[in-house]
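Below you'll find a set of structures to go through.
There are two complexes below, and they share chain A, which is joined by chain B in the first and by chain C in the second.
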Partner chain A sequence: MLRLEPRRAPSEAMIYATPFVAVALTLAAGCVLFALLGRDPIQAMYLIFIKPLTTLSGRAELAVKATPLILIATGLAVGFRAGVWNIGAEGQFTVGALTGGSVALAVYPAGGPWLLPLMALAGVIGGMAWAAIPAFLRTRFNANEILVSLMLSYVAVLLLGVLVHGLLRDPQGFNFPESRLFQSSALLPVLIPGTRAHIGAIFALVAVALTQLFMARHISGYQIKVLGLAPKAARFAGFCERRIIWGCFLLSGGLAGLAGLCEAAGPVGQLVPALPVGYGFTAIIVAFLGRLHPLGILAGGLLIGLTYIGGEAAQIALRLPAAAIAIFQGMLLFFLLASDILVRFRPVWRPRPRPTASSGPEPMPATTLAP
Partner chain B sequence: MKFTWGRRLAAAVMVMAAGAVITGAFAQAKKTKVAFVYVGPIGDHGWSYQHHQGLLQVQKELGDKVETTHIENVSEGPDAERVVDQLVQAGHEIIFTTSFGFMNPTLKVAERNPKIKFEHVSGFKRADNMATSNIRYYEGRYVAGIMAGKLSKSNTIGYIASFPIPEVVMGINAAYLGAKSVNPNVKFKVIWVSSWFDPGKEADAAKALADQGADVLFQHTDSPAPMKFAEERGILAVGQASNMAAFGPNAQITALVNNWGPYYVSRVKAAMDGTWKTGDVWGGLNSGMLNIAAYGKKVPADVAALADAARDKIAKGEFHPFTGPLKKQDGSEFLKAGEKIADKDLSGMNFYVEGIDGALPK
Partner chain C sequence: MKAPLLRLDGLTKRFPGVVANEDVSLDVVRGQIHALLGENGAGKSTLVKMIYGIMRPDAGEMRFEGKPYAPANPAEARARGIGIVFQHFSLFDAMTVTDNIALGLPVTQCGPDLSYRIGKLSTSYGLTIDPARIVGTLSVGERQRVEIIRCLLQVPRLLIMDEPTSVLTPLEVDMLFATLRRLSFEGCAVLYISHKLEEISALCGSATILRGGRVIATCDPRRETARSLAEMMIGTTLAPTSPLVAQEGPVCLAVNQLSLPSDMPFGVDLDDVAFDVRRGEILGLAGVAGNGQSELMDALTGERMAAVAEAITLDDTAIGHLGPVERRKLGMAFVPEERLGHAAVPDLSLTDNTLLAAAAGDGLIWRGWVRKRKARHFAERIVATFDVRTTGPQQSARALSGGNLQKFIVGREILLDPAVLIVAQPTWGVDAGATAAIHQALLDLAAKGCAIVVISQDLDELFALATRIAVIAQGRLSQPAPTASLTIEAIGQAMGGGTTAAPVKREPVDA
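This part shows the complex of A and B:
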């Protein structure tokens, strides 16, 4: 039977090559998929990967789509490298949008240059507060942060639903579950006139740069890497695990909260129940696609963002069903995980399994993924 | 390794780009480009499916004078505006956005593109180049309510509702008033699932209602899950948006079938010959935008006759489901004897009528 055996030393080059391999395999499999659906695969690939980049509005929309992904993934990756699994960025994103947006609604219709910084602060604090719950439960009761943070995402989405159905509902909106449109001073400044590209893109770039600097130069960045690679060594060296866990959660929660606020005050301009569209979960893919490196995440976020925007273009031009695009995007994650496993394990054919053998892949391959 | 893959990728991309330029050059002919945005998958067999039927009718009747496209499963959040924008960029001249949550995104794009025509379904904001339309579902719900009131043995009718917006609230009220008109003992139980399309939640709600004694189910959600559940449980149900008889051959007593085709065709034609104007259409049984599906196997002739009579009276304008005397749930009067409700009060309805238990979610 076919078994997976761990390789003694995964090839360093292959670890960095897998995202490219995964993208190439996705392209190939995607071509087959679209051809089977009776569409011209080359045109489909052109529409998905090239067409959006040929226009100014396409590039601006890419910035809009990639901004939350990059902001969130940058924060998550820091935690992932420490072995702190914040899976609940979706919830922190939602709460950030809620707290930040509520500031605008609370002072409506007042406004001024002071409003946006206040909203951003509220958004960051909201995201941090939501992330503090799993951090507290993990450090105090050793509760599994994967489950707690994940489940809290659903709580956050329901909380947003309750509030836009009630307290924050537009008084002139015929009971429709939406807040009123934010006053103009509560909207993020647009970077390129005539498009939706907003200042959040700058936040994302700054976050990437600062995180890169922090991980490479700061002692805490070093401690985070050690904790992830060798938890026992980290404890032996006297690193405070509690502080690192708290730090990772507050950082990733704060960035997710900021991303949420940027969505609410950016492209949407109000609070709506459909505000969370899965950025918090997609960002996990982005983080791994980018090998948990801030610069890799920048590239990964742009690539994933491109498949979303290009996927819409392909639906419009080729009348592809939405499900085909979703399958195409799903294949990227599948091929990434598959090639990651093959980098760390090698398939071996054994006629008879040994009764004591147990060398299945671990569910979370992060520690060896991190360079 | 990395570089070979990178190079191959680059080569592949170049080939693709070249191919697309070539294929694109041959697809030039002057057709009116029409686009539709759906909130759900076409396969919801309900709301979005019915809009897609409208698209197909446009395609069929206007043939090669139009080029249609659609994009499904568009969330009502930050993506909606980009999708509508992309449709504009792709050269579409008239764009239908078919869910309430697309209202503000559509309006934003409409303001930026005054020459493009927009048709939004179920909203209340309009512009010179953005018209709205909706269907008077409540008329059909009143008729189905009469049937449910007659057919319920437990006198308990279950109602799976989505969001407490006026359209849904008036639907519950209309169904209740219909049932009450033939069965004074009837009780309504309402479950809010906070979604337009969530087969799992809808089926759970259907089960909870049946467990509480409901033997006829209404739904104001878009999946056939409640109908399938009713079929399995051996109770009755009213289909929503589409004819759902295939999912409940025994269970479906009737269905409210949205028929967007004629309206969509007329609007596209108007856009083509330059007579398109903004406006607000709210069509009911008389307009053909709302149809009542053929009655199910378990509907006896006397109930069918009652339903037919009510349907015809409403269609001819002889009867309005919201005719006084009517009181709100709290006992206060809102329609005097003989008074018909005004459309503006109906389109902002945010209260239950007297007799319905429970509170609207706030």
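This part shows the complex of A and C:
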């Protein structure tokens, strides 16, 4: 039977090489997939990975897609390193968009330079508040934060739906379930004229830089790493687990909320039920693709963003089914996890132990495998 | 000369980057108690794993009872007549003795008469045990008996014992030795792995000494002294530690009426524990593992807080309600028993591991920011002062051998210049050279006026270090008494108090 045996010392170099290996394998498997669908695989790869980068608008769209991914993944990765599994960034993203956007709608049509900072603040607080629910339940009742945060995502999406169907619906919108279009002072400034690239990209870069500094140099970053690697050592050193869990949830929730606000006040420009498109979930892939390191996440976010834009272009140009692109994106996570496992374990083919003649039936293995 | 029961010929096992065994040859004769001696990392465990079929040798061959022997798995090793009792038991706490034993036996041997056979075997070998008891309620010595009985039911011709006495009281050690001698008299060979040299001289008729994966010597331990064996084992001469001159300083740390229910299943509740330690004194707390030591350690470090702040006082200040950080700021330092994962983070570098103790100051942290260079210098200072064998402070804690990591951890705490140091099992699984270095460091620290508490199962260690000794048994602590007034036998009896024979009497064996 095939078994996985832990390697004595996983190679440091391989741990950082796995994302590249995974990307290469995804490319190879993607070529096979597209070829089986009767499309030219080289052309498909060109459309997905190269073509979007050749035009200014393509590069700007990449920034638009990668911004929320990087913002969310940066926060999530901090929690993941502490062993705090916030899977509900999608919900925190949605609530951030909702609270931030509501500020603009509440003061409509007034506006001014004060409005955007206020909206950003409201977005961050909204995301934090939504993340505070799993944090409270985890620290108070030891409830599983994976389930709680995940379930709350669906609650948040439904909450957005209720509100844009009712309270926040555009009075002049012919009963369409949408809010008003935000007043112009509630829209994020555009970085490159003529494109949709907005100032949120700067936020993402700042978040990456600050998180990198925080994790590498600040004692809280150290405490987060210790809690994730050796919880008993964290207790020995007197690090407060409860405080670290709260900190991780508030940071990741706040950044997800900011990402939500950037999406609403950036490319979308209003609140619509379709605002959450899965950035919160994709960001989990981005976080792991980037090895939970802020700089890696920057690269991972850009790569995944590229497959989004390029994937859409390839769908249109080659008339590929949407599912083919989704499979292609899913393969990336599959190969990443697979190579991660193979870095830490090695597969061993071992024939099933046959009972020897004198021992009768095979004894149960409870006694055998002391280390 | 009798034909050997087990013959190893040129066994070699390599792991990536390290040769665990190189050209190891040895003979174990029928009915002989054969010692396998060596420091940690000398290759004893690898050798045993090959004999027991957990690993396969890269080169060389084994013969058992004259026939070629290459077990593919432990089941085959058992079928050929080899049994093993590991240092760490594989028993399920929540199940009875009989059920635990049945789990490791072939189904054909698990008939309804199993309890009866266990009872019969245990009486005839002096391994008193009630087959109906739940394993979670047994002492460590009793659990070991369960493991031994499990082996004996399969009538082994070779029994391997891996560091069997490290968890036993002196009385239990004597009983174990009687059992092993009886087995050897009946013709069963024993391969006895240990680094306790007195025991080997007393018990074994032959010894093979491993160092760096190679056989250094084969000798008759009855003709060697403990010192000569130790020197063969580590390859250098040992400097004797200088004993502590007892000082009468003021009371520094005091524990009064400390009671604390355990937060672990099958844990031990602390019951009205009281002691005090003076400056310049080493107080030894003896006891068999699992009698409340880890609970007491948690209470002393502040990982668990006492219900009453006054239960622990430091220089007359109540500290029972303070966490580890506050206690470190008041000058306390701690070395818990478990090196990897508790006292150190395995995957972080030595530099980063200094920060676990950084609350005590030494300027490693400035307004929440880590001063990496200072931390690295601190790590380098520990490495240099305590002769930690490492490639540098960037090496991960996991990569160090047990003894070297322990020197690093003890060194980290000592260099913080604590007023009170609490150490649990300072030399558990540590080789002789590192043990001597750690003992000397503790004595030097006490001579400088530090109050030290050493929690240990190793009575030799406590007699070498402590000025006073108290015994912890089932969560209660005896009155500390000066070491000079105590004998190993007296302490041994207190250690076993109530845990060995008494419960069996209360619950008579079901026929």
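Criterion: the second predicted complex is superposed on the first by the 352 of 371 C-alpha atoms of A that agree within 3 Å, B and C clash if a C-alpha of one lies under 4 Å from a C-alpha of the other, contacts with A are read in each partner's own complex, and residues count from 1 in each chain.
Everything that follows uses one rule, which is that a residue touches a chain if its C-beta (ideal position, glycine included) is under 8 Å from a C-beta of that chain, and two chains touch if they have at least 3 such contacts.
No experiment lies behind these values; they were computed from the predicted model shown.
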{"item": "Of chain B and chain C, the chain that contacts the larger number of chain A residues", "value": "B"}
{"item": "Touching partner for A:270 - first (chain B), second (chain C), both, neither", "value": "first"}
{"item": "Chain B versus chain C as contact partner of A:108, first or second or both or neither", "value": "neither"}
{"item": "Partner chain(s) touched by A:220 [first = chain B, second = chain C, both, neither]", "value": "second"}
{"item": "Partner chain(s) touched by A:176 [first = chain B, second = chain C, both, neither]", "value": "first"}
{"item": "Partner chain in contact with A:334 - chain B first, chain C second, else both or neither", "value": "neither"}
{"item": "List of chain B residues in touch with chain A within their complex", "value": "1-2, 5-6, 8-9, 12-13, 15-17, 19-20, 23-24, 35, 41-42, 69-73, 75-79, 81-83, 85-87, 89-90, 100-101, 104, 112, 124, 163-166, 169, 194, 347-348, 350, 361-362"}
{"item": "Residues of chain C touching chain A in the complex", "value": "15-17, 54, 72-76, 78-79, 86-90, 92, 103-108, 150, 301-303, 323-328, 334, 336, 338, 340-348, 352, 355-359, 365, 368-370, 372, 399"}
{"item": "Of all residues in chain A, those that touch chain C in their complex", "value": "8-9, 217-220, 222, 225-226, 229-230, 232-233, 235-238, 240, 353, 355-356, 358-371"}
{"item": "In the complex with chain B, residue positions of chain A that touch it", "value": "13-14, 16-17, 20-21, 23-24, 27, 40, 42-43, 45-47, 49-51, 55, 57, 61, 64-65, 161, 165-166, 174-178, 181, 194, 196, 263, 266-270, 272-277, 308-309, 312-313, 315-317, 319, 321-323"}
